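These are the structures in question, set out in turn.
Look for chain A in each of the two complexes below; its partner is chain B in the first and chain C in the second.
== the complex of A and B ==
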């Protein structure tokens, strides 16, 4: 189990490698309430998904999805990245949704169920530790 | 406030993440990571961009194939996402 110190929120640095081998690293929120991992729309473009900019209400791209957020419904694209590296762990072929979280939140990436379903997480609030390992 | 490249010499100086947070308070920063801890978490880097607006920051980052972006501040209110 790889352990990370908890800050105010369960968060850690993650490296996301797109299918075009471009890498973006974020301090990401870890939240199993999110069914998808999240990166900003601009980085979905960087990862080779220009369809993020094409979100016509009736004829969106085939990977368009409607999601429910705390702020209401959101229509965006869902795509697969090559890998996500967290500490010494690597998770391949993880689905991400392209969503721009409010800047005030201070996070622009979230690690959600599309990755966590392949992991075991341990939150120890008293010791301020987040443990993570790959599920067998 | 202006964004983009930090002022100074040709190559940005190597700073710890704590130094970066102190120098660029409550800003989005883009760093080239130069050191990591045992958990592969960044500990040092060279700041190649910083801005109060993360969308504006990104306009200068397309050329980097591998870059780390984070906010140096804290959410100002209790958070419910």
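== the complex of A and C ==
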């Protein structure tokens, strides 16, 4: 089990390793309401997915998806990364969507259902602890 | 698990639950709610708040803020910075778990009616509990 301090918003330090072995580190928001984990479009490009630039074309790339979000419908590209490391835990072959979140949100990345379906999260506001365990 | 202080239930994707809101007088509504611990307050539609007796939300948030700044907070969401009118709900309950005096905000720009929920259960309700979410079995526990 990995534990983090539960701040104003539940967030974790994560290390994402792309399928081309490039690594990016983020302070990511934990949000099970999101179907996929999220990274910015620029980082999806770094992870070897240049198709993020073509997702809005009439005939988009085969991995283009339309998602329903709080802001309405959003078109994005979905891709798989090699691994996501959170503390001592490692999750392999996790699906990510490339979305640029509004800057004022303060987070570039989100940990969504595509990773959380393999995990158990505990939120204790009294002790201000966020716990993450790999589901057995 | 009715009758105890712990409630475990199966959730769908997204996490939707039915909750009961008690407003002023004897007015009550049962609403489909999205569990979102990233929302600092509960969020609800203005027409539900007015039905529950909170007619303040019928005001324009921009003008209401000039008179009562503490009752018209700015919030941050994935849509950006938003503004709304805040009310204090008498009682919010899911099964046997109930919290009294819960803050809720009716947003100036209401969420799309396409979304499959009537309100958002945010931290003004959830931070009274210990929350466990098991992504594999899709169960949510509040204790």
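As a convention for this text, the second predicted complex is superposed on the first by the 134 of 136 C-alpha atoms of A that agree within 3 Å, B and C clash if a C-alpha of one lies under 4 Å from a C-alpha of the other, contacts with A are read in each partner's own complex, and residues count from 1 in each chain.
Rule of thumb we're sticking to: a contact is a pair of C-beta atoms (placed from the backbone, for glycine too) under 8 Å apart; a residue touches a chain by one contact, two chains touch by 3 or more.
Model, not experiment: these values are computed from the prediction.
When the shared chain is aligned, no partner comes close enough to touch A:95: not chain B, not chain C.
Looking at the shared chain after the overlay, A:51 reaches neither chain B nor chain C. In the superposition on chain A, A:105 contacts both chain B and chain C.
With both structures placed on the common chain, the touch criterion links A:32 to chain C but leaves chain B unconnected. By the touch criterion defined above, A:120 reaches chain C but does not reach chain B. Within the superposed three-chain model, A:42 lies in touch with chain B and out of touch with chain C [touch as defined at top]. Of the two partner chains, both chain B and chain C are touched by A:9. When the shared chain is aligned, no partner comes close enough to touch A:82: not chain B, not chain C. By the touch criterion stated above, A:72 is placed in contact with chain C alone, chain B being left untouched.
Overlaid on A, the two complexes show chain B and chain C touching the same residues of chain A, namely 9, 29, 31, 33, 70, 101, 104-106.
Every residue of chain C that touches chain A in the complex is listed here, in rising order: 13-15, 34, 36-38, 76-81, 111-112, 114-115, 123, 126-137.
Across the complex, chain C is touched by residues 9-10, 29-33, 35, 68-72, 101-102, 104-106, 113, 116-126, 135 of chain A. Interface of chain B with chain A (complex): residues 28, 33, 39-42, 53-55, 58, 62, 65-71, 73-77, 79-81. On the side of chain A, the complex with chain B involves touching residues 2-4, 8-9, 12-13, 15, 21-27, 29, 31, 33, 40, 42-43, 46, 70, 85-88, 100-101, 103-108.
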